[in-house]
Each structure stands twice: as structure tokens, then as C-alpha cells.
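Dropping the structures in below, format is C-alpha cells.
The same chain A turns up in both complexes below, where it pairs with chain B and then with chain C.
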Partner chain A sequence: MERQWITARRTRSAIRMSVGERIFHVFNYLFFALVSWTTLFPFLNLLAKSLSSEEAVMSGSVSLFPVDIQFGTYLYVLSDSQFMRAFLVSVTIALAGTALGLLMTALAAYPLSKPRLRGRKFFILMYVFTMLFSGGLIPTYLLMQRLNLVDTLWVLFLPSMISVFNMLIIKNYFESLPEELEESAKMDGASNLTILFRITVPLSLPVFATIALFYAVGFWNDYFASMIYINTSELKPLQLYLKELLVHSNITYQDGGHVTNVDAVMNTTPQAIQAASILVATLPILLVYPFLQKYFVKGVLIGSVKG
Partner chain B sequence: MARLKLDNAPRLPSPSYWRKLRGDIRKDWDLYIALLPGIAFLLLFKYTPMYGIVIAFQDFNIFSGIGDSPWVGFEHFERLFQSPKFAQVFWNTFMISVLKIVLLFPLPIVLAILLNELTKMWFKRPVQTIIYMPHFLSWVIVSGLFMDLLSVNGGLVNRIIEWMGGEPIKFFLDNSFFRWLLVSTAGWKEAGWGTIVYLAALSSIDPQLYEAAKIDGANKFKQILHITLPGLVPVILLMFILRLGSILEAGTEQILVMYNPVVYNVSDVIGTYVYRTGLGEQNYSFASAVGLFESVVGFVLIVGGNYISRRFLNRGIW
Partner chain C sequence: MQRKKVWVTIIAMTLVLSLLGCNNTKSEQGANGSEGGGKQLRQLMQFDRFEPNGDPVALYLKEKTGYSVKYEMLPAENADEKLNLLMANKEPYDVMKLGSAQYYQLVSSGALEPLDDLIEKYGTNMKQVISPDSWNGARYEGKIYAIPETGSGATSSNALVVRQDWLDELGLKMPTNLDELVTVLRAFKEKKNVIPLTGGKVPVHSDIASVFGLTTPWLERDGKIIHSVEAPEMKEYLTFMNTLYKEGLIDSEWGINTADKSIEKMASGKAAMYSPGWWIAPNLENALAKNFPDAKLAIVPVLKDKSGKARVGSPGNTINYYIAIPKFSKNKEEAMKWLDMKFDKDIFKGISIGEEGVHHKFENGAYTPIMPKFADERTNASAFLTGVDEKNYPTYWQARLKKNPFVESYFNTFQKNAEGLIETDPLGSAPPLPEISKNVQKLNKYEEDTFINFISGTEPLDNYDQFLAEWRAQGGADMVKAANDWYANR
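Now for the complex of A and B:
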């Protein structure tokens, strides 16, 4: 039966498709194969370099496959105490920031998703206004200084606990849940917060998975805040550590040996080690992201289309 | 987003209003409590820096603080608008942003329309997974990837150039290439992710429209032109207004990782300039004035863009 149906569908679509359309389809598939290849290629190249000997990398003979294969770079990176400390700082920030961010964002979104809340429009406007206008870098920096947060790990996640964009996505998702659930729980004498944590949050897991990913990636990838606020090298997260590693050594590479920057002379990390560091730093995201993809497509759609 | 109703002139709330309010708060007290951490967060981390903008009109001294620093009015803004350095920074910001808008804004729309035509799920799903991925990488990583690919010592691109008989190009140190480098890496990173919003809009177009068009003999191209594109217009407009609001934010995080003193004259933008003059040279007041200029222009563009869109196209983000 099923087979018949498939062949029936095939012949129908074959009849319907004109020659021009068929050519279009072929080119479309080829085009996206090319796009995917362009996206993946820099990674594959980097992976090959990280597994090749430094001589092979410098001579430019590595493209897709490693030359003179070795794993020493990974051993070096994983046993480098500076790298590992930066890695741990990043893990700490990402975990603490994501947990706190999810809690704060859910708490903020829940009341705003209830039309009966007094002053709801005003509070929403208060949030949205911060998306349209901000105090800017310097006043924010001076505030952190006044709060004694400069050069502490707190400054890397407290000021970005609630992303208004994420909050609105969650709010819209909450609004899309049926009201009857709340009413029946109210009958049983549940308080608002009980309903939030016992009913609404468990029903919103897809959107929370999405937002958790957004927060975690945001904290993991941030280098800007740490570049501004962190001076102590023990507190530097991975991205800042990598930035210093890459930027310093690459200025000499780019210049083909002509030194344009004094720092660059002192800091020339072998390319294979740079490549391995980049890949290790990307690994956590690459491991988590594909599993959450089905959630975030749905989550973002519900949040952004309505918003 | 709901639009605030302004047709009711403000009236003093009647006593019964307060009674109702008190009743509501008593009934939903925990709902109002849940509101507080968020509001406290906004007031402390978002609105206090907005108050801090006053230092743009002061000669701010870190030891005197905002309270005791002398007021100088618009002195910093006068200096700013006369400074040739700022003119250059403004021009760079504008150029990079316009390049990015012209070349990169339409890209996700085209990609989404084409992606929508892929019918084989075993192909479409992995393609989506792959092209969304760069969005989740930091600018440090992305610039690391491209520094590697474009390096003069064993970078693949320069090897191809040499193989074809050309001279290797120092992309990261070349004033004529650097802006293109910024635009293309930004495209590599965000174009795929940008399709999500448009794909959502595409999935909400009524399939019957396509059926009807097919019966009327419209080919694929005509269907895209007359059904798909019109269906996307509201989202395109919304995205464009939002994009307009960040026209003076030409990608500070990207540029701060990728640029270097050799290419300052083509890549120093408002954000990087604020960073260097403000935090590097501790010119707090002047840098705040530059930052305020950026914020105000962004705000005016987004509010103005929304107003024009509402007025003439009856659509807006709020």
C-alpha cells in the first residue's frame, strides 16, 4: 500500500515538474551542498592542521587531511595550565550565568504574560526600552567600578542575567499555553509561583532548552565583557585567553615575518597548537548544539513571530 | 507587541482604582513579587547607566564622581563634531554598515526561499544544522578560523593565489581588503542563522495559494515572485527596521578581534573608538559623548523607521 502511494506520488510530481523546474532543483541542491561545504571547510582545514606537524603546516601542505599525523598538540593544550584554568573559568561562568539567567528570566516573564497584571504594559515598555536605548559602554563601566564588580567573576554574568529578547520569547510562549491549566490549578488552591514552577515551566521545556542554549552560548562566547572588566590573568575566561593567543601571534604571521607589533615578537604560538586550542574551545558548543536544534527552531518561531 | 493606548488623557485615578489595585495585589501578591527581581535588575544594570550618560555633559573626574564633576554643557559634542578623527570613524562605521546591509541583509531571504524549495528532508535537515552552526561560534573563534585560512604562512587561500601565479595577499593587513573581509566573515557567520525567521514566515503561507497558482499555470519563478515574496514582506520590513536601528553598531565585537593598527584607518568604528578613547585613554566624558551619539541615532532610526512604516504601510514592530 505504502509503496504504491509513493510511486503514485512520484509519477504525479514527475508529470508536474517541467524541465526548467527540474534544472532549478538540481542547481538548488548543488548550491546548498556548496554552501554547506563553505561553512564546514574552515573547520576541516583547522582540524587537519591541528593534527599535522608544525613543519607541514608552515609549508602549506595541509588542506583537508593531516600531514605527518600527531596528537601532541592536543596533549599540549590539555595539559597547559593556563588554558585549562581559562576553560574552567568559562565553564563556571556559563553554568552560573545560565542557571541564574533562566531563573530570573522565567520569573520576569511569568507576571508579564498575565493580562490581568496591573501596569503590565508599562513594565513591558520598561524592558523593551532597554533594547532601543542604552547608557553605553563608559557609563556602564563606571557603574561596575562603583559597585566594586570590576575584576571579579560576578561582572561577567550579573549584568547580563536577563536578556530582554529571551524574556520576550519566554513571555510569548507562556501566553500561548492554554489558560484552563492555570484555572484548574487555582481551584486546587495553588499559588501563582507554584503554578509557574509546577505546571508552566514543565510545559515549556522546549523553549527553556532554547533559551538555556542561548544563554550558555552567550556566556561561553563572550570575550568583550572580560576584556573590559578583567585584569587578573587567573580570572580570564577562555575566549579572552584565545583572543590574546591568536591576535598576538597572528599579526606576525599575517605580516610574513615583518613585525608590526612589539607584543607579537614575544608571543608566537605554533599554528598547530592554535588550531587545537580553537577546536577544544569550540567542542562544548558543537557537542550540545545539534541536540537542541529541534527545540530552538520551534522555540524561536513561537517567540519571535508573535513578538 | 501591544501598542500603548494614548487616546485617554491622563486622569487622576479614582479612589475605587486604588481599592481595586490593593485587592489585585492581595490576590496576586506572589505575581507582583515575581516582578520585582527583574525590575530591580533593570533599574540597577540598565537604567543607572542611562543616568550615567550625564557625564557626557561634564568634565568627569573619577575622584569627584558624577555629583561633583563640573558641568561643561555641549563642549564634548562640539569637539566631537569638529574632530577629523571622528569624521573618519563615523565614515568607517557608515561604510561598513551600509556594505553589510546591502550585501548581507538580502542573503538570508534568498537562502530561506531556496531552502524552502528543498523537499528531501535527509538533505534539508543536515544543511540547516550546518548553516546555523557558525552563529553559535564566538568572534574570537571565527576570526581565528579565517586568520588561519587567509594567513600568508601556509594559509589555503594564499596558496591557491600563489598556485595561480598571484602574489600572496595579507588580508588582515591590507586596507583595500579589510572591509570586504569584515563583510564576508559576518556573512559566513550569520547568513544561515538569519534564515530562521524567514523560514517561519514561509511556513505560515497558505499552501492553497501555490496550488491555485499552479492551476493558473504559474511556474516556480512566478510563484516565488507573486506569492512567496509578498508573504515575506511584513517580516522583511520588521527585520529591516530593527537592522536600521543598529546602523552605527557596525560590528564592534567583530572588529575588536579582527582589526589591528595597520588597518585602523578603514576599520576604526564608533564602538572601537569609544573603547580605545574611553577605557584606553580614560577620556570618560568624551567617549560617553561619542557613545551617546551612537545610542541617540540608533534610537531615532528605529523609532522613526517604525513610525514611517506604520504611517505608510500600516505595519510596525509595535
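Now for the complex of A and C:
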């Protein structure tokens, strides 16, 4: 597929492009430049705001370039103990969740990828069933409560250890590996676990990298679970911290008529600090992307197309 | 090689997990350990952005009362959903600080403990400092289910602010009534080419509507309660705003402006007038001074109506929070004892403004904060309140205003201008009435959306009667009836 496309392109550039084609290309580039600009702009705007003085931000004079450059906001964010604690919680959840999640997902996917498993169809159906139906919020909450997971770090990653969608992608990838490899390993006396960890997993690195990214981003961005299950402030992850930072400032500004909490209206967080917090919170997961992105296309495509 | 990697991963994971495990057991031990010693309570608070358990006020309370309290907060968003989850799970809190809708919901579903007997037995301090009016506001079917927490008294929170330097430049005088206001706005538009008056989102602009007599959402007319949308003046007000809009005298983005956006327009010199809350003063003044060092803002005195009468609306000394003890609490008596201790004269003062000579000074009949100690240790004090000493709190909390000179001067000017003109909401001290709690949010939204359309002219004002009929049909009539029933038997 890929090679065909490349040769097609070569021949096209060898033969002169027609006017229509050229217009199409120019339009194409402009269009995609515009699209990438619209995604980049909010980030640049935040960056500029975080580096500008609060007065400049308040008067709306900051768009793409910082006005009255200062770095105090970053110093403030990085020395804020609540922010750092939330950051640490997020890192822990993302690392533990991704590592354990990958292990569990692979362990679930491997047997399901083997046609010799008895009742395989039934098990797969059971998994898919959970994708469509769930217990609902209150029963799930009560379950977590009975398992003594509420208000612990565990609740933030244990319940979402296996995403069925990711599991199916890995399963399909495993199925695409040649059966003969496993047979020959078996002849040499390898056990199931040895085959999984020494042959199947090393061959599946692209799909693992992709799924790892899915999990890492998922855990890093997760905010709902912590909002529902976490009461202790020491265990709040970054996204919850950010959400509170932003929502809090909004509430107090809009409640014009009636002041209920005097302290709250007078303690709103400056916009520059909000901007810096968002950037510092987003950066780590953005930095993971380039290192895993090269596996991305290969991993998901081969995993999802059975062949 | 590969095998090694797998093992490294597994070991790393085990390490991370065991670390997590350590954390959990440690914190649990902490909680259980102290339960044996002192008296342990658990309180649910409203959301605020700070860590309550390490706050100096929490430590102060622990030392003074001898109770160690574990504080937990509702989340910033979906707070009601979370509260429902906690209640479904019969979470054994001992004290809960609730908003009025939350209080009504829990009390009507039977989740709260009636407090009359407990207050009779242990509530000596609180009975003295909370007025009978407020207690009545916390009643449900004749019984008291919560301690009412009122605020800082009837104050004026908003007022028009104008660019004094432009008034001077154009030789205009400060407006005192609506005609003069229109003259000033026209001059700003023609000669300075700026947005004469910015603001928005909330279509009933309190400074202008009060000139028409629309001071509060509910009004008393001839001994009966009506909602302000039923008052004939509302149509006059909307007509007036609509002419302002058509002439371009108010912001064309009236329907979508947020407070931030309006401040931005003022600070960047694009607008001449705005009605901020006093707490926004430092942001507004600092940003403006940065951009235009010569600019000067002045606070417009309360505008008068044709007969020369001026009015300022205030919700009055309404109940902001309800402090309840849930049925599932295991320490109801201890909770009540603790709550009552917090009303002790010295302890209450200690919570609100700290110790004299350490956190505040008493000068010229007013409390002045000692900075930065006051800001460091009493910044979040109001979140810890569980009801207030209604006589003293208004003077205590004003110490907070003195943290910033702009806040202080704006607040004081607002109050001085409003002196003797304040009209309070007749329903201010009403308990949560089910018909109102159920409908008020939906109807306010409907009112807001329709009024924005009336003001901007997208819907002709001839449709006002239609709007009113729809408003009544959607629950407005029920609200008015419930309000009158309460008012007549109050």
C-alpha cells in the first residue's frame, strides 16, 4: 500500500502538474496550515499569558507575544505545594496505571487470541458486554466503598486496569503473529508464559507502545474518577487541581449580586498563574508523544485490521 | 536481554505499588490512631481552594476546642451529585455545611437529624448570637434541622464606576438620574467613540433597574409578594434598556459578556462605565493604571428616579449556609457540643480575625489586620465558620477589606452612597420553600434568555405578556403562591 503510493507520487512529480492540481495543492497546504494554526494558537496564547504581567493580561493586551515579561508565575506554580503534590499523584497514577494496565491487558488478550481456548467466543462476548453496559454511578461508587477503595490512590487506576477496547486491539495484533513461531517454541519446550513474554511481547512492541500511550494519556487526563472518589486533598491529581483552580475563579467572578464567601471572592487566582499551571500540567504528557508517536500508525493499524 | 527488561519492569511496578501501599496504611493509621485519644469528628465543607486540614484556623480550633476534626470538601463542579453519592452511601459525617438547595434536598429526603433537643441541651452560646428570624429560616415542617449561617449583613455590592478623566475632559457632570446618565453616555459615544456602558449576561442591571423600583427579585406590593417580572415597571425598564441598545449606548456584546471581559474593556480604555463588585476593584484599578497612568475612576452615586428617590437592592441578611448533622452521624451530641463551642465569644473572634496584637489591631473603633500574619493565617477563615455571631461578625469581617486599599475604599464608598437607601428582599429570611427551590433556577434562566432578547431587540417587547404567561405556567405561579403563603403566616 505505502510503496504504491510513493511510486504514484514520484511519477506525478516527474510529469508536470496540471494547473488544477497545483491550485489544489496550494489550497491544501493553506488549509492544513490554518488547521494546525488553530490548534497551536491556544497554546501560544497561554504561554504568552503565563509570561506576562497580570495587569497586561487583565487589560486583554496579550495575544501571541508576552507583554512585560516576567517568570514569577512559574516560580509560584512550581513552589506551590498543592500543585507539586497533585503533580506527584498524577505521575504515580500514570506510571503505575500504565505499567499494570499493559500487563493486565496483555494477560487478558493473550488467551483470547488463541482459537484453542474453549469458550473463547463466550469470554469475548462477556468483555464486549461491559463496553456497552455498566452498573451506573451509584452502584459503582458503593462497590468501591465496599472494596475499601474510596479515598485511596488505588481507586484511580485499579478499576480501569483493562480497557476492553485496548484489549481487543492487542488481541487482534497477537492473532496477526504467525502461529508457527509459537509452535516451534513449544517444540523447544517453552511454556505459555515464556512464549508470551519472550516471543509474543517482544514482537508486539509497536502495539504496546501505542496502547501504553493510550493508557498514559488516559490516566494523566482522568478527572472524573478523582472527583467522585477522592475526598482527601493530598490525594487529588493534577487535573482535579486544575479544574478547581479554573472553576473557582469563574464562580467568584460571576456571582455578582450576592457574596456568600467573602474570603473566596477576594482570593481568586490571577489569570497568568492559571495559564502557567495549565502549561506545566500539560507539558509532561506532550513530551511523551514524540517518543511513542513513531509506533502509532503501525501499532493501531496492524492491530485493528485482522490479517 | 528481553527477559531482563521484563523483570526490571515488574520489579519497578512492585516497588511503586508497595510505596503506594505504605502511603495508604500510614494515613489510615493516622486517622484511627487519633480516634482513640481525643474526640474525633468529621465535617463536610463546601468547595474552596485550599487544604483545610493543615490550615492555621483548623489548628487553632483543635487547640481551643480539644476536638480533632477531619475536614473534607465537596468538589468544585457537580457538588450536588457528589453529595448524593455520599448520602446514598450513608457516609457518617458529623457536621455538614450545606447550601440552601442542598439543605432542602437532604432535609426533605429525611437524611438530617432534627436539632431542637440538642440545641436546647448544648446550644447555649448559639441561642444567644443567632436571631429568631434566622432560626426560623432553618425550619422545616416546624423543626430546626440546621444552624443558619448568615453573612456580613445588608450591604451594597455593586455600583456604577465611570472614567472621571473623560467626564472632566468633555466638561460633563456626574449623572444623578437616568436622563443625565443618557446624556453622559451619548457624549462618550459621540466624542470619545468608546463603548459608553459595558456589562452584561445578567440582563437586570441592578443600578439602572433599581431606579425603576426593581431592587430585588421579590417585591412587596400592598402586603402581597410579587416577583419582579410581574411588576409593570419591568417592562418600562426593558424598554429603556432597549432604547439604549438601539442607540449603541450599551455594549453590543451585552448578551455574551463575562465579568472578566467587561473589566478587560474598561482596563484597555475601550469602555467608559461599568458596574463592578467592590472585590474586583484592585484588578480593575491596577490594570487601568498600568495602561493609562492618568486615568481616573469615580464611583457614581446611586441614581434617583423622577421623584428624586434613590434605592439600592440587597438580599438582606439572608442565610448563606445551613450547618446540619446527618442521621448517620455517630457523634451527634459531641458534634453539637463542638459547634456550640465555636460560638463562644473569644473562639468565634479567634476564628474570624485571629488574636489581638498578633493578627489584628483595634484602632478607631475598627479592626485592622496585621499583615502579612493575618493573610497567612486567616485567609480562609470564612470556610471554617459554622454559623456566625450575627451582631459582631459584620464588624469582624470588614477587617478583611483593609488588606487592600482599593477594596476598602470601594466598599466604604458603596456603603456610604447606599446609606439609608437599602431595600431588602422580603423573602430574605424565608426558609427554603419547595416550590421555589424546584423552579427558581429554570425560571431565572428563562427570564435571563428572554430579557437579553428584549434588550437587544431580537424579540419585540410586545411579546412581554406572552413571556409572563409562559413564566407563570412553568412554575412561576406556584412560586408566587408559596412565597405569599409563607409571607402571610410568617
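Methods note: the second predicted complex is superposed on the first by the 271 of 307 C-alpha atoms of A that agree within 3 Å, B and C clash if a C-alpha of one lies under 4 Å from a C-alpha of the other, contacts with A are read in each partner's own complex, and residues count from 1 in each chain.
Going forward, a contact is a pair of C-beta atoms (placed from the backbone, for glycine too) under 8 Å apart; a residue touches a chain by one contact, two chains touch by 3 or more.
The model shown is predicted, which means the values in this text are computed figures rather than measured ones.
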More chain A residues in contact [chain B versus chain C]: B
Which superposed partner A:141 touches (first chain B, second chain C, both, neither): both
First (chain B), second (chain C), both or neither touched by A:243: both
Contacts of A:99 with chain B and chain C, given as first, second, both or neither: second
Partner chain in contact with A:232 - chain B first, chain C second, else both or neither: second
Touching partner for A:49 - first (chain B), second (chain C), both, neither: first
Touching partner for A:26 - first (chain B), second (chain C), both, neither: neither
Chain B versus chain C as contact partner of A:59, first or second or both or neither: both
Touching partner for A:123 - first (chain B), second (chain C), both, neither: first
First (chain B), second (chain C), both or neither touched by A:193: first
Intersection of chain A interface sets (partners chain B, chain C): 58-61, 137-138, 141-142, 145, 227-228, 240, 243, 247, 251, 253-254, 256, 260-261, 271
Chain A residues touching chain B - in the complex, by the definition given at the top: 16, 18, 20-21, 24-25, 28-29, 31-32, 35-36, 38-40, 42-43, 45-46, 49, 57-63, 104, 107-108, 110-112, 114, 116-118, 121, 123-128, 130, 132-143, 145, 158-159, 161-162, 167, 191-193, 196, 217, 220-224, 227-228, 239-240, 242-243, 246-247, 250-251, 253-256, 260-261, 271, 274-275, 278, 281-282, 285-286, 289-290, 293, 297, 300-301, 304-305, 307
Touching residues on chain A, where the partner in the complex is chain C: 53-56, 58-61, 82, 92, 95-96, 99-100, 103, 137-138, 141-142, 145, 152-154, 197-198, 201-202, 227-228, 231-234, 240, 243-245, 247-248, 251-254, 256-267, 269, 271
Contact footprint of chain A on chain B as seen in their complex: 1-2, 4, 21, 24-25, 28, 30-35, 37-39, 41-42, 45-53, 55, 62, 111, 114-115, 117-118, 120, 123, 126-134, 136-141, 143-149, 151-156, 158-159, 168, 170-173, 188, 192, 196-197, 200-201, 204, 214, 219-220, 245, 252-253, 256-257, 260-262, 271, 274-275, 278-279, 284, 287-288, 291-292, 294-295, 298-299, 302-303, 318
Sites on chain C touched by chain A in the complex: 2-3, 6, 9-10, 12-13, 16-17, 20, 23-24, 27, 46-53, 72-73, 75-78, 81-82, 84-85, 88-89, 151-152, 157-158, 201-202, 206, 258-260, 263-265, 267-268, 277, 279-280, 283-284, 286-291, 315, 318, 320-321, 379-383, 397, 400, 403-404, 407
